[in-house]
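Below: a set of structures, written as structure tokens.
Common to both upcoming complexes is chain A, partnered first by chain B, then by chain C.
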Partner chain A sequence: MLSQTPTKVSQRSALRINPAKTCQPIGAMYAASGIHNCLPYSHGSQGCCSYHRSHLTRHFKEPFMAATSSFTEGASVFGGQPNLLQGLRTAFAAYDPDVIAVNTTCLSETIGDDIPQIIGEAESSGIIPEGKFVIHANTPSYDGSHVTGFSNMCVSMVKYFATRIEDSSEASAPQLNIVPGFVDPADMREIRRLAESVGFTVTMFPDTAGVLDAPQTGSFQMYPDGGVTVDELRNLGRGVKTLALGPFASAEAALQLDKIAGVPHEVLDLPVGIAATDRFIGALNALGAAIPDEITTQRGQLVDLMCDVQQHFYNKKVAIFGDPDHVLSLTEFCRDLGMIPVHILTGTPGKAFGRKATEILGDKADQTNIEGEQDLFLLHQLIKNQPVDLLVGTSYGKYIARAEDIPFVRFGWPILDRFGHALIPSLGYAGAIQLISKMSDALLDRRDRDSTEWQFELVL
Partner chain B sequence: MTEVLAGRARQVTRSGSATPDIDCDRQSVAGSVSQRACTFCGSRVVLYPIADAVHLVHGPIGCAVYTWDVRGALSSGPELHRLSFSTDLRERHVVFGGERQLEDSLMELIGKHHPKAAFVYGTCIVGVIGDDVPAICKKVSAKTGIPCIPVQSEGFQGSKRQGYDAACEALMALIGTGDTAGIPQHSVNILGDFNLAGEIWIIRDYLKRMGVEVVAQLTGDGRVDDIRRAHGAGLNLVQCSGSTTKLAMQMQEKYGIPFKRVSFFGLDDMAGALYAIAEHFKDPQILARTRELVAEEIAKTLPVVSQCRQDLEGKRAAIYVGGSFKAISLVKALRLIGMKTVLVGSQTGTKEDYAYLSDLCDPGTIIVDDSNPAELSSFLSEGKADLFIGGVKERPLAYKLGVAFCDHNHERKLPLEGFVGMANFAREVHGSVCSPVWQFAPRHAISKLSEEV
Partner chain C sequence: APVATDLVEDLVKPYPVKVKRKRAKHITVNDPDEIPPIEANVRSTPGIITTRGCCYAGCKGVVLGPITDVIHIVHGPIGCSYYAWMTRRNQADVPESEQDFLKYCFSTDMTTNEIVFGGEKKLAQAVREAYEIFHPKAIDIFSTCPVGLIGDDVHAVAREARKELKIPVFAFSCEGYKGVSQSAGHHIANNGLFKNVVGTEELPAEAKTNPFRVNMLGEYNIGGDAFEIERLLNACGIQLVATFSGNAQLAELAHSQDANLNLIQCHRSINYMATMMETKYGIPWLKVNFIGAEATAKTLRKIARYFGDDELTARVEIVIAEELAKVEPVRQAVRARVEGRPVMLFVGGSRSHHYQSLFRDMGMPVVTAGYEFAHRDDYEGYQVASTIKVDADSRNIEELTVEADPEHYRARKSPEELERLKASVDIADYKGMMPEMAKGAMVVDDISHHELEQLIETYHPALVCSGIKDKYVVEKMGIPCKQLHNYDYGGPYAGFRGAVNFYQEIDRMVNSPVWGFIPTPWEKQSA
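And then the complex of A and B:
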């Protein structure tokens, strides 16, 4: 399929080919699904909602519930207020959620629907039942990416629910707020496990564990058991600190929480790999928590594995693409394993990507092509010019891996062609072990495949 | 009994009931978790398989991403259609207009890939900011000599059905521009078959064996030059009736080509389709060859069908698919493997098809238009379904309930059309319904426990 990709890179001023990002609303929808008893709601044409649900379902292999304003020609001329009011009425009556989380689309943003005003209207006309909530995030598809959309919905959770709370004496264990980033349910579960094991009460928002990795029960549950509750969101102000994992997906919500409720915040890199996880554990430690043996042991196992496998990673060239927080931390991890990140690329806009990448790579930054707001057509061309031994990224990398015959490890979102990824963490020390296992499997499978008969060995 | 959304009551009926009439072709109720998509989706589905054209999505990035190679519309040659091209509109374009971005993108795209044609899809936002897509297309066509065809597929126009119409308009712009010399009288176009899993190749083979030439495939494994001369064919076969009936009607009006609605799913309908084609051409030789072909193929298929039937007899199936015409074939095909249909529905069905379904199905079968997950899952439980046939959004729903599943939509990986398709369908249904995993599903585990007690 990619046999026509020319090696020579020519400047493109307008055209995007094989994108490495998608639009804001889907990120907002994913974030909203991490609120307990919440119905994500797309204010736009019904196609947006359908596409987002299909795409999320293909990754998580789970039903994904969301409602839509089902815009018509009329709505796009006269405004979407009647659709949203009708939609909220229908959704509360039919699906009885605690929260409806409205995200806008390019259409409703362009025609200029004023969502807070419409929500106000819904409130005053009794459409929102007692004790129920409607929140919203502005997520125009022509700005940012799905990561920005995720971040914007996290910010909305803070803006709608968090308040300053002076008295924090009630809690027996100190409360730690965590914004986990655009990661899988298993990752959120793992981060919570780590933070709870050092003695914190954790409020994670959003939290899709128990929502998009729910067990089979034999019945359809519109709202599975997981997700951060409204009560927890209202008590965010009790936190001793907020940790934002990933500057792109999580920082803004933590900052807003700091401003609104006075909870100090710290922005950390997404804990992918050993160094970033060390910094996460270090941050927990800095809050006065003693690190239990269990975590120290797991870290020790990871270091042991890194030593065992280092010879197979040393000086291997790797290309990494995906969401910026994921790519940055994985770049650091690959560097720590002895690999050379030759190309790193994200589709998400934001100058911070280049800056952070240069910082991570330090004096070796000139060995790496750092590409922000770019697409996979370019990545393919870069790889043609400077080949790599390993490609790591979302399912969309499979075309390049096939065309160039490169070992490929799936990592990030979306993964549309494999199973189990939403159940296995790639964050934390456990995640790092899992990543090493996958990357070394890919490299060694290739070595076995390409070995001559006499080089082909049992023990590696 | 299952609760239905207020305002949707008339979109659900039961066969054999006093009021079999169903209300359909309505907008989804705002606020419902509809399984439906939009106009853009409809256009994209129809035109996407044309493999030597570029498909440029004019809008913000999402619309291009969600339609990037998500269905296996196979090509026997070029694969340009599998790449994702977008103008990736940003805020500045929304403010100042996206025409320049579109023109530059088209020029870059044509310069890079030298396609036979370019389809430019308008998305919601393009309709609102007022970019003159037809004008840009005309300008670039004149500059490059490559036909650039605007597809007026703004999502808010409605559901997929409106998108089908926009796609048909776009196809009409190509049809009639090629040379029809040398096309025999016994020739057809295949409309509404998208060559999922290579299905159109099976149908082509049948037609070849009958002695009927295929002029153009609209659009599975389609080629621009073939479509340009489609007006020279003797007959149009309309397979997915929802998407391309309008095109067939337009071609009949403009070029006098008659059309037949056919279904290539299941033994009855497949054989019926081939006989209808043979009868149309009134050529005894074609008819004789068709008889021979049908007998030969059915003889190959029946052993597989009856073997699967042994395990499937009496099992219960639910169907929720895009179009209602396909649902009819599925009910018949399921009957052939001994299964009873307890629920049948579609996203965008027609009154006539629903009425036909109501007659076809056993009394009490639930018939539903434009449903949603809560409703569907409740219907599945109520009907004690052992199998659900649907698309991407229905699959996890079935699995959550511990019900087997067969994808009869974009994500099917085996050809389900043709006689061989019936055998594949039987095998696939058998494989899923008889999988050992269901015994661990609570639904079964619990009933087993109570049996033991």
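And then the complex of A and C:
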């Protein structure tokens, strides 16, 4: 497996091998699916749209609907306005969404299609039916990663719908806005559960719960029941605060909402693990909400588990890769479990990754390979040079895990080769319990596999 | 059964007027005796939700990607390379002494800087780095959407690298917007392989003793299909020179001109290669189908008839008898459990046809079928190929002018022999999908999501065959959906063993207990 990968690390300035990221539009597609009755729409040639839909489907094992402008060579030279206009007309006629959320690709970005102008044209020529909306985000694939694309579409939700609202008298409970980050529907449910249990009315955007974990009922629903509604997006201005979970995926939207609607915002780490979840709950507490006993109890269960299991984690070497918000919070959690994060890596560009990782690891930062904007080929080489006891990351890690015979835990996006993950949270205290269970299972399965017969224990 | 002409009306009903008119031409009611023309291989309607992919996917993803010992560098932003990374299940069993890059993904990961200032330097450097790290036998380069727009000359970079590194480096201008689907990419891949690879090496003399030498064209070894085909050819004493391009190494393709017959499995993706090799080297081609037990037996007999050797013919009959004996009990058992239940097939450019033989084996009628990106000849038969007008969207796909090679052309059969053979073996011919389908069955080209949903509501099929994007849509309706691109991670489905796998898989899907749980007990109670 991966037997062409040499141990010796050589400098590369141009060749990317086995990326730890993909391109912007897929993140925008995913974010758009978190709007109720919304059809994501790809303004480019149709290959992108097909790839994005396939990939999202492979992770969620759910339908992922999206339309495309289907550029031809002619449109690529003379501009895609006719394609987009025709695309909007056909999509509204055949699929009747409330919102079409347009993202761009490297094709339409390179030729410089002016999307707002085309949407204006669609409006004035009656292509957008009464009461329906077309929003857009520019998502050039040659900039950032899928996380950037997610962030850009979240920003667009704010820009297209949010306004300043002074009168908040309608609200029965204070409204809290949450940008949950590029996480699974189950994570969004868990975040909502926590915030609602302390007494907030939550507007989460995007919210894919109910969309990408829809039940089997025997009838296909093109637009499932979930998703943030246009009405909710228009009322974002009523929020007492916006919490952005994960600076890479969510900070920009919260900042934009602050600017447009004057809702104060706070950027928090993705609540993976105990410390990051504590900070999230702390932020809720700071807004004047009392923390209910059930949350305190669940946290206590998590701490109890951490005490019980610590011998199996202590000083275990771990390599973590994936999206920056995920990797940073998990690195902190692994540190808190007494593990040694030997290699941490993301494919997404951004200096904040290194800065933040150094802060988390403190005086141990120089013992860790902190790799921002890097790839899995490098990670594999690093592991060959400095082996680890556990590898945590997306499905692509399974090749390294097999090549180097390392226990492996799937975490983050995408997970293409296992089932049920999108239904089980890995965020919050519940998610931390789940993560401990998976990581200790992996370590102990390995101990069982490798122990001699006389060391093979019933009780561990 | 629904009245088919009304159904066409129904299928296009919600579309804007112009789209209605356009889509109606892609939907037709089959008549095997008088094949109606169908519109195909034209641009998709924006916004309609097509399942089609792009030219790059057809070139890199389908045809070139499976070659194991070449480094495939994708010149573009990261997505194109990433999404084609191990997502098609073209398996390969590479000897340990050989390099295998199948699990790797190579990209120039273009950033804004290259879009603005050009990406040729980065590409040249990427090729250099790939060479320094891996020392591969060859490197190929694939263009993506922005490359053509910013004017990077990938072929010039390849030429320079070839001089510098002294290994084959060649490029494909397969920008995603070219043509109207994956199909353009197949054509571009065929041209590049033909120009740069085929005929660049000689088959070693010791490998030339068996006169029954064939190439498998258009077989990508999804789920191990090519392994099963190779097993059968070996058992019959037929030598497989090269497979384009499942489980393939570059050298096989390079000396494939030394085969004596080309077998085409996927007509759409590789027919260009077959006709070009026929013209240049004198190798006849035969359309075959290794999907289905009956179809496989028929294919092996066709090959034997072509070579006209008694011993070979006898061996083929022994192999068929032995294999069918194992297939038959499973087929009978499954048939009893699935017979008469209708099926819909919407796959890329060949499987919608090939799998009909497997469903015939089980007595499951195909009520409607279509391709994503096939051309009219795949629907109606090879005889219409010469009448097809290439439209503006596909005009820029290069047609190579090929002539007989003065040194290497060798007629495998005399014109008289070929003429005689044509009575019993359909040499250089493909009958297309529609002649094999029932009268009144619906044929839909480049089907949209709306049309698929409507057809399912109309026919209430027991099973739909399609791809990953449709799978969970269909299953949410309570109907099993068999993925015929990736086989739902099973396979092989080719050959005799494949047929057994497929029967059992369809039985499992159609008769699975899980579907019975969809209505809740309390709904059942009140009903």
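One rule holds in what follows: the second predicted complex is superposed on the first by the 460 of 460 C-alpha atoms of A that agree within 3 Å, B and C clash if a C-alpha of one lies under 4 Å from a C-alpha of the other, contacts with A are read in each partner's own complex, and residues count from 1 in each chain.
The definition used in the following text is that a residue touches a chain if its C-beta (ideal position, glycine included) is under 8 Å from a C-beta of that chain, and two chains touch if they have at least 3 such contacts.
For clarity, every value in this text was computed on a predicted model and none was experimentally measured.
Chemist: Once the two structures are overlaid on chain A, check if chain B and chain C clash or fit side by side.
Modeler: Chain B/chain C on chain A - steric clash.
Chemist: Looking at the overlay, what does A:Leu427 touch: chain B (first), chain C (second), both, or neither?
Modeler: A:Leu427 sits against neither chain B nor chain C.
Chemist: In the superposed arrangement, which partner chain does A:Asn83 touch: chain B (first), chain C (second), both, or neither?
Modeler: both
Chemist: Once the structures are superposed on A, label A:Phe220 by its partner contacts, choosing first (chain B), second (chain C), both or neither.
Modeler: both
Chemist: Thinking of the overlay built on chain A, is A:Gly44 touched by chain B (first), by chain C (second), by both, or by neither?
Modeler: After superposition on chain A, A:Gly44 lies in contact with both partners, chain B and chain C.
Chemist: With the touch criterion stated at the top, can you tell me which chain A residues are shared between the chain B interface and the chain C interface?
Modeler: 1-2, 4, 6, 10, 12-19, 21-23, 25-26, 41, 44-48, 50-55, 57-58, 61-73, 75-76, 83-84, 86-91, 93-95, 105-107, 110-111, 140-143, 145, 214, 216-221, 347, 377
Chemist: If we count contacts the way the header does, which residues on chain A are in touch with chain C in the complex?
Modeler: Interface residues on chain A, with respect to chain C: 1-4, 6, 10, 12-19, 21-23, 25-26, 41, 44-48, 50-55, 57-58, 61-76, 83-84, 86-91, 93-95, 105-107, 110-111, 140-143, 145, 214, 216-221, 347, 377, 399.
Chemist: Inside the complex, what are the residues of chain B that reach chain A?
Modeler: 5-7, 27-41, 59-70, 79-80, 82-91, 93-94, 100-102, 104-105, 108-109, 112-113, 123-125, 127-129, 154-159, 373-374, 377-378, 381, 392-393, 395-397, 399-402, 441-443, 446
Chemist: Enumerate the contact residues on chain A facing chain B in the complex.
Modeler: Touch list, chain A to chain B: 1-2, 4, 6, 10, 12-19, 21-23, 25-26, 39, 41, 44-55, 57-58, 61-73, 75-76, 83-84, 86-91, 93-95, 105-107, 110-111, 140-143, 145, 214, 216-222, 347, 377, 396.
Chemist: Note which residues of chain C are touching chain A in the complex, please.
Modeler: It is residues 14-16, 19, 43-57, 73, 76-85, 87, 96, 99-101, 103-112, 114-115, 122-123, 125-126, 128-130, 132-134, 144-146, 148-150, 175-181, 392-393, 396, 448-450, 453, 467-469, 471-478, 518-519 of chain C that touch chain A.
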